[in-house]
Amino acid sequence: MKHPLFPSRRHKMGMPPGSLVYVGERQAEKTSIHLTEYSESNQPFCDIVTDLQVLRNAQISPSASWVTVTGLNDAETIGQIAEIFQVPPLLAEDILNTDQRPKLQETEGNLFLIFKVFGWQEEGEIITRDQITLVVGSNFLLSLLEGDDGFLEPVRQRIEQGQGRLRKEGIDYLLYAITDIIVDHYFLVLEKLGGQIEALEEEISVEPTPQTLQHVYKVKREILLMQRGIWPAREVLGDLLRHESPLIGRAAETYLRDVYEHVIQVIDMLETLRELTTGMQDLYLSSLSYRMNEIMKVLTVIATIFIPLTFITSLYGMNFRFMPEIGWRWGYAFVWVLIVLVAGGLLLYFRRKRWV
Amino acid sequence: MKHPLFPSRRHKMGMPPGSLVYVGERQAEKTSIHLTEYSESNQPFCDIVTDLQVLRNAQISPSASWVTVTGLNDAETIGQIAEIFQVPPLLAEDILNTDQRPKLQETEGNLFLIFKVFGWQEEGEIITRDQITLVVGSNFLLSLLEGDDGFLEPVRQRIEQGQGRLRKEGIDYLLYAITDIIVDHYFLVLEKLGGQIEALEEEISVEPTPQTLQHVYKVKREILLMQRGIWPAREVLGDLLRHESPLIGRAAETYLRDVYEHVIQVIDMLETLRELTTGMQDLYLSSLSYRMNEIMKVLTVIATIFIPLTFITSLYGMNFRFMPEIGWRWGYAFVWVLIVLVAGGLLLYFRRKRWV
Amino acid sequence: MKHPLFPSRRHKMGMPPGSLVYVGERQAEKTSIHLTEYSESNQPFCDIVTDLQVLRNAQISPSASWVTVTGLNDAETIGQIAEIFQVPPLLAEDILNTDQRPKLQETEGNLFLIFKVFGWQEEGEIITRDQITLVVGSNFLLSLLEGDDGFLEPVRQRIEQGQGRLRKEGIDYLLYAITDIIVDHYFLVLEKLGGQIEALEEEISVEPTPQTLQHVYKVKREILLMQRGIWPAREVLGDLLRHESPLIGRAAETYLRDVYEHVIQVIDMLETLRELTTGMQDLYLSSLSYRMNEIMKVLTVIATIFIPLTFITSLYGMNFRFMPEIGWRWGYAFVWVLIVLVAGGLLLYFRRKRWV
Amino acid sequence: MKHPLFPSRRHKMGMPPGSLVYVGERQAEKTSIHLTEYSESNQPFCDIVTDLQVLRNAQISPSASWVTVTGLNDAETIGQIAEIFQVPPLLAEDILNTDQRPKLQETEGNLFLIFKVFGWQEEGEIITRDQITLVVGSNFLLSLLEGDDGFLEPVRQRIEQGQGRLRKEGIDYLLYAITDIIVDHYFLVLEKLGGQIEALEEEISVEPTPQTLQHVYKVKREILLMQRGIWPAREVLGDLLRHESPLIGRAAETYLRDVYEHVIQVIDMLETLRELTTGMQDLYLSSLSYRMNEIMKVLTVIATIFIPLTFITSLYGMNFRFMPEIGWRWGYAFVWVLIVLVAGGLLLYFRRKRWV
Amino acid sequence: MKHPLFPSRRHKMGMPPGSLVYVGERQAEKTSIHLTEYSESNQPFCDIVTDLQVLRNAQISPSASWVTVTGLNDAETIGQIAEIFQVPPLLAEDILNTDQRPKLQETEGNLFLIFKVFGWQEEGEIITRDQITLVVGSNFLLSLLEGDDGFLEPVRQRIEQGQGRLRKEGIDYLLYAITDIIVDHYFLVLEKLGGQIEALEEEISVEPTPQTLQHVYKVKREILLMQRGIWPAREVLGDLLRHESPLIGRAAETYLRDVYEHVIQVIDMLETLRELTTGMQDLYLSSLSYRMNEIMKVLTVIATIFIPLTFITSLYGMNFRFMPEIGWRWGYAFVWVLIVLVAGGLLLYFRRKRWV
């Protein structure tokens, strides 16, 4: 469940701005384009796009178009799409740079938003991370993702099946639906992390191993990386609500405020989790110290009792020719009495110290 | 006294907004509705409501109505009640989502508030947690709770018995009375937590066990979870005072300011408690380290004295045919002198080191 | 020097606001009232008040009156006094609730202030804590305290003896004189805490015991409790200076600004002390660890040298019939050589490791 | 990879302001001046400048001039250059004081900026640190560096080869290009530090040595020093964008905003890295404690089993004349039984404790 | 290098404000007054003042006067000087109270500033601390210091020798020159502390002793005390720049902004140093733990190998009459084989555990 701290960006140092170079790690993934065109009255049209002319038509058509692009390694195609939807070069560059900070920019009548997408992959208990770029116009929404866009499926289904208000409302409502599902996935990941933390709490109190703490550390690391991705999302949504863009209607604003509040809740929870991981590190260390004390007590009690006894017996194991006690009738018995006295005395001492 | 970090929300991912699905954990609890209708002149009317038409009448009647709903798993009924009192769908959804952040929203002439309710269950020393939603209109107050509303009993009694100003004043005063009793319960829980912390301080200084620190950790966890629930309540009340809603009169504002100050006081105290738990973790660790030192000193003193002595005696336990000392007249006496010298020397050394 | 975290408030849960119930802990203390009436020209009049009519007269008399009430368990009398000086019920309630947060409220031409009073009781090195409520009118100042008001004696003396400007200036100057002496006591307590911290620094570096750290913890606890009481006092004074109440003249404002700056200085110092106590906990732990290392080194050196030697001697203490070495002429000497070599080698090893 | 905390500044205490004294550490480096003059139409002119008159001409020529100065120990020359480009004395002093905080100042129609430059030297894995001063006029940009300006090479090449927009746009675009490459190097260093942290995480979990933690400490130190240099850069760029200087056009502003966002991202990442180093220190300590426990368990198990056994055998090694057991037929066998029982019992005990 | 946390202020509790009582610790130091009168045209006049009439003349003379007072225990003289330069009583009191927080106050056309002065005393490596009060009028600057004013010597020399602009510019420039030299000394002390921290870093990594950590603690303490003194200086200078007092000209403002920036830089550096000391405490503790592990490994390896061997030899040292092995031909050899096997096995085990 461990991510690289920074996706290694073969950074285009010194290149002029707007140079479109894909800096992500999934070179192999194919770029594929999907178009969903819908309006309140007609049955929505959904298809994979191979000819970019289709997008040009969609861009000028009055009905709402949702264009999803997955896989970003075909920089040229991305460049052309950016051109069709009038994304300025600097922002087009940001689409390909998948280590971007979430941000909002208003350009030539469009809104340009970047969010982080977190997901949970059940096998391997891995948090998946991705970056989604949303370009919002009055009649289109362009979403670009490096990886799989499966998590957007429910939104697409609601459009296709005419469920809810999606088909009736404008592009701003689609923007809401997408951000909502992104934030819902934040909650999902949080829940999973929370579950791991609770399991680790249990583990620490029962039988901590070094793996336990490394796991705690990894969870903390994940939390830090998520915080880095979600904190700015709060600003982005806050700005969106404040700026009163003409693209966002009053109704959608209400819905987006709901998403905004959820993001704040996620941030609160992440902070709580982070504080808990810190507490767990202390708990772990104390637990180890306590065990050490227990081990040392046993060693000390046993060693401290038997070492003097062995000295006594070893004393009478000496071979001196002139050792009066050796010859005594009750010498042996006397040694036993001594042993019992010494051992008993030490035991009493330890009992008083509460070690036994 | 341990709570799940996040109530598992079988989250309705990808569902259209306003879908009413109960996500709490008390599926079994029955939804029951209670109506208290009162005015200054008449004897108040209190009854359990089974026919929702009664609520419709109450909503338009000029006398003040307080509707309390407990148990939220009957999503349909809740939906109808929300409709009667003109709660917009997104907020109706929030009622059922019991892991909401405290918030204030003004909608269509109504106020919509969410607070966290904390209580103390004496048996098991458990902090109970609940969420209360308050919908405030000009002539009604609708309060919805997942669990038991027993803690509101004193308010209801004051209405029934005509005690204090409750019956004379408007709905805003009822809102005050409810928030006041919620915050009073915050103090109650704080007092209990404070008591536990004092008991733990005592325990750490007398005889710390690993359970002690786990208890400290649990208290810290509770504090963090309470902070998450109470911090936003401060904003909610602050906003309520700032926004000057027409629903809140000048008199009630004064009272609500009092509640606001109490919440700030609760937040201060929680912070103090949290800092104390951190200090206690250090205290615990140091206490363990000190005990370890004591144990090691005993082991070291005993072992360090007797191990060389045993070497000496063991030396003369060797069976070499040619060991001149063995035959000496005063060999044995000489060994004793040696033993006394070595032991005495070491004891002196330890005394100088202040180990004995 | 340890205080309860929260004065147990048998809280009046669910009671209507303004119910006067004393929630403090000094039930036994008698309520006594003291009146000091003074003007620039006349000799001041000072007496204990038993008939509340005297206060009613003072309230309307043009000369300045300072009424001090000590002991708050006679809720009824307090209620009457509050009425005489037109304190609204909610604030009257605050007087009796001695766990209030410092605050400022302006009501019907009066100022209502709550401060925490800290003092130092030499025997037992105890920080005393109290709450003072000040009601300031144009011609009177009412101060109410749970405990002893001995610390106000110097102010009273200055009035009686006509020292300084007290008698010449208005009620606002009296307010200044009282807040000034309260803050002076903050400095006094700080100085004592500082002294304790310096003593503890000394103790930790010389011979730390578990008591040392518990003392550090207690000092930290006191600092946290003081911070809780003094932080809000800053706001209170800041608000007083900002609000430009007609009751506070320009001259008094200058003096109050001086008090305000002192409070900020106290807050700075408390923060410094708190950071120091944290550093001391680390120092203590490291000191223990170092001692442990020293102990272990001694044990290890002695045990590691003599355990192999004892093995050697024990080897030749075996009783096998066929042990060639036993019969050798130089067997014993050889063993001694062996012993010297082993011991010397180990000593060299330890020297190289810097353990001896 | 360790830097001095503060470049020792043989500080000119008490000297009048504007005294030009080089306080850096690279006394030996020669001051060299380089001029790049370019306009959209003509081939750019690049040369090393030896006669300052060339700069005077460049300052008044309408075409854009980029003057780079490296090596600051020739205070007199720097002073003359500062005069040519109308840098006021106090700021000229700042150029030579290479331990300056990044800042922005607007003076007589010029902009004066100071940034920290961080770089990565592959051999020795060293972070290089430098200070760059930028003086921006309407037709010139003067950049002064203590050390090597190799990292600016890509910008110079883009001018020379007419790549991108550099030659077409004004001086503000050149400013952008320079700040952009500076911040790109921040990312580079971050990536390297991130890589080191990941290597250290690995090392701690596999086989921690004291070097590991010292390395962690050093990385933390580097991060702190970088934070000190980059935090103010954020303010500088923020001010630059807010102040709307006539020297910065709308287009360049967009580009600079991009740089500004990158700096915020760098700050976020540095903070994350810093938190991680703190977590690693805890991880390291716990890892050591755990190993200690393992070591002590082995010692305790072995010692605790054999010490009592050796006592038994040593008992029957005594030479008393009257020891009945010695003569018994099954005495030896009985001892063996005893040994097996004791050892077995202790092993069972340890197994129950989960030590074996 | 250790200071008292709070200069013990025999505080004048309950005294009327404006009572001039010296509360510092240098009772013995004599109060001495020095006057420097200068103007652009004439040779400056410098002398020790014994007759206060000289000051009265200077106060009304048009040429600039710089009055320096050192030693504050002659409260009466200070009071008279304060009167001459129209310092209000409350501020005059602040001069004598040498534990004041840095502050700025504007009074009757004058500026009143308090700063902390830190210096470095080479012998004993002591940070010296002092408080300087500056009273700035249109034609005079009065500076009052508890201790030695040697650090102001360079400014005085620049006046006397007509170096720089001091003599040409007004009093505001003198104020700049003084604050500049104060802040230069902050840098000096920082550099020394930085040097100590680097020495301690070295010490911890090579051979830490308890003294090392106590030194770290002391440095941290010094840093905290400096922070307390320098943080408010930032506000003071910031206010000075914002308030646009008629006493401060535009030119001097530019210079004072430079000082302001230096103070911010000092604050940044102090914060960095403080974070480093925290990191060093962890480093120290871990270093100790690591050494402990090393010690315990040696003990465990030696003890664990030889304790079982000694048991074996001790076994055959028993004197039972019937021990078949004793009489065997190869018994002794067999024991040796056993010893080698056991020792070898344990060594292998330890090697596998990487302890040898």
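Chains: A, B, C, D and E, in written order; residue numbering restarts at 1 for each.
In this text, a contact is a pair of C-beta atoms (placed from the backbone, for glycine too) under 8 Å apart; a residue touches a chain by one contact, two chains touch by 3 or more.
Predicted model only: the values in this text are computed from it and were never measured.
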| item | value |
| --- | --- |
| Subunit A-subunit B separation of Cα centroids, rounded to whole Å | 26 |
| Mean-CA-position distance for subunit E and subunit B (Å) | 42 |
| Residue list for subunit C, restricted to those that touch at least two other chains | 285, 289, 292, 296, 299, 303, 307, 310, 314, 317-319, 323 |
| Chain contact topology (line, ring, star, complete or other) | ring |
| Chains in cyclic order, anchored at subunit C, direction fixed by subunit E | C, E, D, A, B |
| Residue numbers on subunit D that touch subunit A, as the complex places them | 153-155, 157-158, 163-166, 176-177, 180-181, 184-185, 187-188, 190-191, 194, 197-198, 201, 205, 254-255, 258, 261, 264-265, 268-269, 272-273, 275-276, 279-280, 282-283, 285-287, 289-290, 292-293, 296-297, 299-300, 303-304, 307-308, 310-311, 314-315, 317-324, 353-355 |
| Interface residues, subunit A side, partner subunit D - complex | 4-6, 8-9, 11, 13-17, 88, 90, 100-101, 103, 207, 209-210, 213-214, 217, 220-221, 224-225, 227-228, 231-232, 281, 284-285, 288-289, 291-292, 294-296, 298-299, 302-303, 306-307, 309-310, 313-314, 316-319, 323, 325-332, 335 |
